[in-house]
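The same subunit A turns up in both complexes below, where it pairs with subunit B and then with subunit C.
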Partner chain A sequence: INHIVHNGGLYKRPFNEAFEETPMLVAVLTYVGYGVLTLFGYLRDFMRQWKIEKCQNATEREEQKDFVPLYQDFENFYNRNLYMRIRDSWNRPICSVPGAKVDMMERVSHDYNWTFTYTGRVIKDIINMGSYNYLGFAQNAGACQEAAAKVLSQYGAGVCSTRQEMGNLDKHEELEKLVARFLGVESAMAYGMGFATNSMNIPALVGKGCLILSDELNHASLVLGARLSGATIRIFKHNNMQSLEKLLKDAIVHGQPRTRRPWKKILILVEGIYSMEGSIVRLPEVIALKKKYKSYLYLDEAHSIGALGPSGRGVVEYFGLSPEDVDVMMGTFTKSFGAAGGYIGGKKELIDYLRTYSHSAAYATSMSPPVVEQIITSVKCIMGEDGTTVGKARVQQLAENTRYFRRRLKEMGFIIYGNEDSPVVPLMLYMPAKIGAFGREMLKRNIGVVVVGFPATPIIESRARFCLSAAHTKEMLDTALKEINEVGDLLQLKYSRHRLVPLLDRPFDETTYEETED
Partner chain B sequence: MNVGVAHSEVNPNTRVMNSRGMWLTYALGVGMLHIVLLSIPFFSVPVAWTLTNVIHNLGMYVFLHAVKGTPFETPDQGKARLLTHWEQVDYGVQFTSSRKFFTIAPIILYFLTSFYTKYDPTHFIFNTASLLTVLIPKLPQLHGVRIFGINKY
Partner chain C sequence: QEKEELIEEWQPEPLVPPVPKDHPALNYNIVSGPPTHIITVNGKECINFASFNFLGLLNNEKVKSAAQASLKKYGVGTCGPRGFYGTFDVHLELEERLAKFMRTEEAIIYSYGFATIASAIPAYSKRGDIVFVDEAACFAIQKGLQASRSNIKLFKHNDMADLERLLKEQETEDQKNPRKARVTRRFIVVEGLYMNTGDICPLPELIKLKYKYKVRIFLEESLSFGVLGEHGRGITEHFGINIDDIDLISANMENSLASIGGFCCGRSFIIDHQRLSGQGYCFSASLPPLLAAAAIEALNIMEDNPDIFQTLRAKCEQIHKALQGISGLKVVGESFSPALHLQLEESCGSRENDVKLLKRVVDYCMNSGIALTQARYLEKEEKCLPPPSIRVVITVEQTEQELDKAASLLKEAAQSVLN
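This part shows the complex of A and B:
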């Protein structure tokens, strides 16, 4: 059963999100796993201290042992005793373009992951389920690459200046006009780094005396930008509109903390797709709240631009809303466009203000010309202005891949988080040993996945995250699904009891657990 | 800030005691300890109960009130480095449900132990002393207090 909420006609299509609860036995076993690892960690630390075992992490020199400690021993406990054991699932060196298939350099470790040596062999054609390559533009051949190569021979690789000095190329102007047209906003500005777009522009928009309402699971760049700005930050529960409305009401009724003065600005920070949960923001409700309480909305579409919507214009088009309702539309070119950098789109006055006052504009080097050309070509391809239907085909292929992959994984019995339409698919692993085992088993079967554990996620919610791509053909997905099925049986990962939490009248938070125990 | 994590929680240690299944795991752990001690043929039932109580309180003291800081790096610039886990729970807010549970658990264990040792004086002294070592640090008045400078840095 999956009740679908229409919420007074705000949603034009069903909003299907599910976060199945952790089975109690699995939670208990996960804690037991962490407990055993902690006890063994203490034992190994004891042996290292008494020189029974060789100590391989950084320590001070003998003559410095009496000084104030340089390295915090206990803060490194998790790193030494848990992360080191499964470290080979991360930082894997790849040596080809990260498209649908990727080559990886094989490495082995003879001292339990403290050091790695390369065997010299290259593992070829690993199915890449980890790259943010949503529309498949991470290619080293094709129209985008040819255009970028031409621009490289014309403009060179470096710009050697900031936007405000000598680094404002005609290519940048062309890009910004194109991005504004793509998004449906008045004007846009592009920056060289997606992280820097958030962290350097939020301080330009809000300051002391303003209020930022940010989602629980916002990305580190948004958190950093919010903290740098000096505004008051209040956090609402993930995608929970009741929590957001309560915070808005409290803020407007009570004003600033001591002086009770009205807030200068209220800015709501949300993301289009949350990459660790695979959930999509409830944008119609956020916009309704924003209009009712007269606050501003900052939408970070890092993962959703190009990946959602019938023509790839992002989460605003997915819900059928108007881009004018979102005050600041931010996004990155790293994920769907196969390039690097970020943009901010909005009204002309806002973007002109940012051109003058943003730290990125004043101090950061502008984007490199071949990268700009890659973005221009890929955006034109998505919009269909290059004369082919390749862009539209890619967007449709991604949507089909998403639906197919999610449906098959749910049928197999895995617990999958997130919205039905999001191309980010987190598969729950829960136990710490399974994190390492899953990464290694999938690599043995020639599939590259990204796994995440504590403390990046809550302690019992470690997961493997698949990012689907338009470049994945159905055969690749079937191979991947077959291997995931095998590994799932081997590691006993099929926890789902098909008891999807029905979408109630209010969204999912910890108080809904009690009602669904039947 | 919050490097490498997918949430805006500054110190995940504060939420560990509230997570799903933690209380059950703790209760099962104590039960397991007791069964192991009961299985050793040299211990009579009162001795096994007293040992359970004492070992449980010793473990609780070490992990909640002696070990300071977090086993991973946090973006709070060291605010929690000098705090024990008990002081970190829920960011120092007193009388939350986790704090109440972990205060009541040793008391219940003490009641059971007193019953099964038939209120014998020697056992009583050991059990009460051990209960006090684990109850006094939990008092809100002792939040952040280090007696005689023990365990300060």
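This part shows the complex of A and C:
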């Protein structure tokens, strides 16, 4: 179901997003799979309760046995019986730079994943398709690392004070001016943690009597920030502009639920790229709606800053729009810049207000100086201000890698969600057993992937998620694709019913027309 | 048609109200260079009495070289949360070392100090549970409680009688509805050394109340970790209490350990739950390895030099005595607390004017070479807003002369500004 140019020419380029429907047989088999696991879960719990099987969970202290139990038994049912069986696919410890290739510490379990022991060996050179390293700035050598090392020896690692007290270093001011210039906004403010940027600033912007319209699949930090603010929250279907317009109309016409008074403000919360779906927000339509209904837009570019757009300025540049249309541009430095932290950019009044009233500015320690330096160097590199074209080359390499990888996977017959241009590639697995199997088989073949299941995704739509990077060379991608192909055949993952015709990689040749003239 | 008119007429408020240019919290102090013992604030060189660098580890060469080695090996960022290739061997090592140092079974690390307690509380306490919390609890605890949606009962600061009264009331409620009482969890949240008042909590009485009324205790030790106790293990060591009696200890590494981030420690039964349900742990990138390496080295230094805690406490006593008797300002805090408050003895009517007056005292001191700051709060967001005050922080690096100089300068400033 492809949507190409429509809506009065708001889109300057084709918007190709697809979410192929789950085949009916696969859905049924997945439910059966979960049913079997649940039955076995009840059986094991029964056996553990009657001491037929040894209980390997940690337990409450003897002295506190008559306190109210801390966890309800049912809460942990999923954890004990389903998650435990495949938990070796997560929390894998690594011991090198999280670049395109990574070294992993080998660990084994002799009691079905209840405990792990480290053998001491290191598995070297695993192709890393799980770290959020879009522009390849996770490096331990090069200009960024040298600058960070110099700042570390000069300033130290910590700051020990908040921004409003004694923690505002000259480095922070430099960073904020640079970020504002990079985004094309009037001013910006940086925070120490991306999650906290959302959860501490949304409550400062909206409060009781305001309305928040949030996308179905928003990240936990946006949901937490919205809940902490005390405003009314209404959810619209994922990336569905009709649903959003309906909610906006209803809100303005009917006002607040019981008192019928008009809302003070309406804030729309969307993300640039949704990391579980790989979809890109329909920004031109959202901005058109926002202007028509006089509401405010909060855009979370955690995954899209640096990864989209011809010069890496994010989803606003990708659509060719002006950053002035977005009221609050938020993003993180963890993904494309190889550092940690978050930022908010916007008009000067907005940032002045946040400097005074943000929870993070008053109570949380400011960012660590070497991390700030890493961001400064990497932003300058992307903008080309360090005198090289490395930044531009990386942005282009990422776009090429994305298109190539997605096309090849679709040709092989996997179901891939999301937009053609998003570097986050979810590959559908559906069945619970395949989650564990995919993770383990790929590791055997020296490729590290991320698999996700319930509760991060709907229960039958578990998936493997690949994060492409500018540091991946074509050889690495080809190796990975070959292995994915093998594992796909082994586990029967090629569910797609729309076979793509492979593109003929021949350049246009005029002689073909000459032949048919006769 | 009517709908179109309504849409046309509706005018929202501006996204943010304008902030007056001279708002006290708007103009930050700019620190050029590292915020160590001698600090350059707004161009002037001063002695630092405002950063929480209690053990002086911010500028320590060993800590910096450990961080450099880590930077050379791992780069800066971790590019992922703990679940997806963001777990490094340094994180595992730091967790083991913290658990061993605090003599608990397990520890868990967060990448941001504020998020530590604000994610830990909602992981255990849900809607319908009851939390008894001190009035002077810091903002991070308040946010954690708000996110948990539990019933919150405030008791007067350090008043055990008030707490017992609330617990008795809850007991009578329970007897009316025993079925509900059997599934309602109860918690007490206290801080070891309160940031807002500089007092310590009476932990032995709390333990007695815990077993009498069957309530679990969460202890927040951000200021007391690395300060109290013979080896710096915090308030449990200070009072000689068995650490297993406290269900969860949470602290941030941004004060004594001079790094970034926070940790929780306790029994595996309790800590392991946060690995799947702590929001700040699962949905956020992990701590940069160079900061974890700095924290490990700082722990090494703490373990090798256990006499710095005694030195720090002696300095605190000294300045506490020296600051008594300043006309117009009173000292708030225990004599061995390294973070004191200086409040106005008599308020001049409105909070705004008090803040302006204190600002003049702070400016006088800054111009003469002692860097101080006012304690900053979000006035509209705090549940029980403390009165405006000047924060005085004592570190191990300050010499006796510097402490005397600070005390006499504050006396002078109070004389000239307040009289």
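By our rule, the second predicted complex is superposed on the first by the 482 of 518 C-alpha atoms of A that agree within 3 Å, B and C clash if a C-alpha of one lies under 4 Å from a C-alpha of the other, contacts with A are read in each partner's own complex, and residues count from 1 in each chain.
One rule holds for everything that comes next: a residue touches a chain if its C-beta (ideal position, glycine included) is under 8 Å from a C-beta of that chain, and two chains touch if they have at least 3 such contacts.
Bear in mind that the values here come from a model prediction, so they are computed numbers and not experimental data.
Chemist: State whether A:His472 touches subunit B only (first), subunit C only (second), both chains, or neither.
Modeler: neither
Chemist: Please work out whether A:Arg313 is in contact with subunit B alone, subunit C alone, both, or neither, and reply first, second, both or neither.
Modeler: The answer is neither, since A:Arg313 touches no partner chain.
Chemist: Check whether subunit B or subunit C contacts more residues of subunit A in the superposed model.
Modeler: Looking at subunit B versus subunit C, the one contacting more residues of subunit A is C.
Chemist: Does subunit B (first) or subunit C (second) touch A:Met166, or do both, or does neither?
Modeler: second
Chemist: Is A:Leu224 touching the first partner subunit B, the second partner subunit C, both, or neither of them?
Modeler: So A:Leu224 meets both subunit B and subunit C here.
Chemist: Go through the superposed model and pick first if A:Ser214 touches only subunit B, second if only subunit C, both, or neither.
Modeler: It touches subunit B, and subunit C stays clear.
Chemist: Please work out whether A:Arg394 is in contact with subunit B alone, subunit C alone, both, or neither, and reply first, second, both or neither.
Modeler: Touch status of A:Arg394: no partner.
Chemist: Between subunit B and subunit C, whom does A:Asn79 touch in the aligned arrangement: first, second, both, or neither?
Modeler: Both partners.
Chemist: Answer with first, second, both or neither: which of subunit B and subunit C does A:Lys290 touch in the superposed model?
Modeler: neither
Chemist: Examine A:His303 and indicate which partner it touches, taking first as subunit B and second as subunit C; both and neither are also allowed.
Modeler: neither
Chemist: Just which bits of subunit A does subunit B share with subunit C as contact spots?
Modeler: Of subunit A, residues 72, 79, 219-220, 224, 227 contact subunit B in one complex and subunit C in the other.
Chemist: Quick one: in the complex, what on subunit A touches subunit B?
Modeler: 21-22, 24, 27-28, 30-32, 35, 38, 72, 74-79, 214, 216-220, 223-224, 227, 235, 275-276, 452, 454-460
Chemist: For a test of understanding, state which residues of subunit B touch subunit A in their complex under the given definition.
Modeler: So the residues of subunit B touching subunit A come out as 1-9, 12, 15-16, 19-22, 24-25, 28-29, 67-73, 81.
Chemist: Which residues of subunit A touch subunit C once you look at their complex with the stated criterion?
Modeler: 58-61, 63-64, 66-72, 79, 83, 90-99, 102, 105, 128, 130-133, 137-141, 144-145, 148-149, 152-170, 173, 192-196, 200, 205, 219-221, 224, 227-228, 249, 252-253, 262-266, 292-296, 327-328, 332-335, 337-340, 349-350, 352-357, 359-365, 367-371, 374, 448, 450
Chemist: Help me check something: in the complex, which residues belonging to subunit C touch subunit A?
Modeler: 3, 6-7, 10-13, 15-19, 23, 25-26, 28-36, 39, 41, 48, 50-53, 58-59, 63-64, 67-68, 71-80, 82-89, 92, 111-115, 124, 138-140, 143, 146-147, 181-186, 211, 214, 216, 244, 252, 254-255, 257-260, 267-270, 272-273, 275-276, 279-280, 282-285, 287-288, 290-291, 294, 371, 373-378, 381, 391
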